[in-house]
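In what comes next, subunit A is part of two complexes: it sits with subunit B in the first one and with subunit C in the second one.
Moving on, here comes the complex of A and B:
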């Protein structure tokens, strides 16, 4: 039952990633063909564009949602691959702990980075 | 917790590629896993590389400077192409998982038709979409820049 619920969240996270990562890919990598949300210069990674996006609450919010969805989707998928190889019960428990704590730690770090970048951008 | 219900996974990772006469979808499954693992690895590094924006323009420029050059451009394109494939194939998998792309149950009358007959056009369609997105990315990465 628990895994069924986690699998459903895995699919839901995939749908969120499809939209937000799709938008991220268009902004960062189809910058010549599409060219959106890069108001300061043609290059998406130029500091002026990074600041412009960081100032917008939408991007801070979407980065944090994408971070959480991608970490869950990726680490849960990785866990399933590892579990499929048939580790023992103790190793499964250890993997659950490591992946959960690792995911939460990365989420906290990435959220701090998105939040701090937004705060810094608003002072400029 | 996932149990294999007493059936040991004897093939292990080898089962992703060999172990039977698989259809094309089996190799999409393998590629889905490989691209997923690649994207996860890239994403974990990406979190640290892009966190430099929280420390100001100099830290950001230094961080971007460490991941610039032809090798990184090719690597980023591979990530883009992996995303295109993983996303398109993921949509296919969800449609099948939810029972929307497997066809209706029919009488087993010769010549037999299986669910694969319904799924194969979808598989081909999403691969065409993934290919077109990757092509657009290649154009942007290597031709227009």
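Moving on, here comes the complex of A and C:
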């Protein structure tokens, strides 16, 4: 049952990445056409716009969700590639532990970074 | 295309009793129009190499015994004409992704074990009706279309030998068993999805399929196992999300009572089993 569950979450993470990465592309690369979330100037990478987005709770939330989705999606795919190399049962268990702990560690670090950036922006 | 009068068979030979690793052997034989790769093997056995071993039976692409790796492609030897290959050398090896028993004979037991583990038969609550039928299970032509093409599978193993995942992952069930599991999951007379899910939801299930599609490309019967695997994935994802409505197995149609036999039509013989 675990593979059915992991595969379903893999698809869900892919859908989340599609939406949030699409949002990123619209904001950062279609700014001339769309021009959303750029309150200070027309250029999305101007300091004033970066700070404005960092202050917004929605963006902090979206960064964390995108990070979680990308980590799960990528690490699950990487796990599948490693498992196709035919490791033994013990090595499979070890890989599961390493990838899970590695993913959780990266997620915790990224979440802290996104949260700290928002907190710093709010002091400016 | 020129039609050569002779063709050279490059055969993969292996005899486990000899203790030698597999090796190639070249044998040249005359070719006649319409001659199949299987016919050529028989000529070789009769005239040049009586110890050559392979598996074959029906000679008409029905039994699925003579699956071989012919010119780098899994094909049925009885269904492949030498002149259609268009090469002066015909390379014949046992199907890849299987252990070799001898010469061109692969060990298909892992495939049939995986096939049996997925319960490729009708499963219902009323199994007495299956073994001692009182009528026919109702099924519309539309319901039949959901699984009909997958019933054409002859279990030759060509799809298994073309599958890139099978080449590396021994846990993967493979295209044939998975397509046959879907064949029954999609059958409106069947109620065994829950039983098969116990295997399908694990690493033996369809999750490792990369959708390379080679299984469907090489199938000699035109079955599309890659499609079956993708449909099965969708079914299992919907099942996990509680969005899959488990269909009730179709009901039994009572035997008609008011129909009279036409004159001259004899009674069916008594069942022998």
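Simple rule for what comes next: the second predicted complex is superposed on the first by the 124 of 124 C-alpha atoms of A that agree within 3 Å, B and C clash if a C-alpha of one lies under 4 Å from a C-alpha of the other, contacts with A are read in each partner's own complex, and residues count from 1 in each chain.
The working rule: contacts are C-beta pairs under 8 Å (C-beta built on N, C-alpha and C of every residue); 3 or more make two chains touch, one makes a residue touch a chain.
Since we're looking at a predicted model, the values are computed, not measured.
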Which superposed partner A:117 touches (first subunit B, second subunit C, both, neither) | first
Is A:80 in contact with subunit B, with subunit C, with both, or with neither (first, second, both, neither)?
-> both
Have a look at where A:40 lands relative to subunit B and subunit C in the superposition and call it first, second, both or neither.
-> neither
After lining up the shared chain so the two structures overlap, which partner does A:3 touch, if you call subunit B first and subunit C second: first, second, both or neither?
-> both
More subunit A residues touched by subunit B or by subunit C?
-> B
Is A:11 in contact with subunit B, with subunit C, with both, or with neither (first, second, both, neither)?
-> both
Return first, second, both or neither, reflecting whether A:32 touches subunit B, subunit C, both chains, or no partner chain.
-> first
Subunit A residues contacted in one complex by subunit B, in the other by subunit C | 2-3, 11, 80, 83-86
Contact set on subunit B toward subunit A in their complex | 1-2, 4, 8-9, 12-13, 33, 36-37, 39-40, 43-44, 47, 50-51, 53-54, 56-57, 60-61, 64, 76, 80, 83, 87, 90-91, 94, 97, 136-137, 139-141, 144-145
Residue set of subunit A touching subunit C in the complex reads 1-8, 11, 80, 83-86
Per the touch rule above, subunit C residues touching subunit A in the complex are 165, 168-171, 197, 200-203, 205, 207-208, 233, 236-237, 239-241
Hey, which residues of subunit A end up touching subunit B in the complex?
-> 2-3, 11, 14-15, 17-18, 21-22, 25, 29-33, 45, 47, 50, 54, 67, 70-71, 74-75, 77-78, 80-81, 83-86, 89, 92, 96, 106, 109-110, 112-114, 116-117, 120
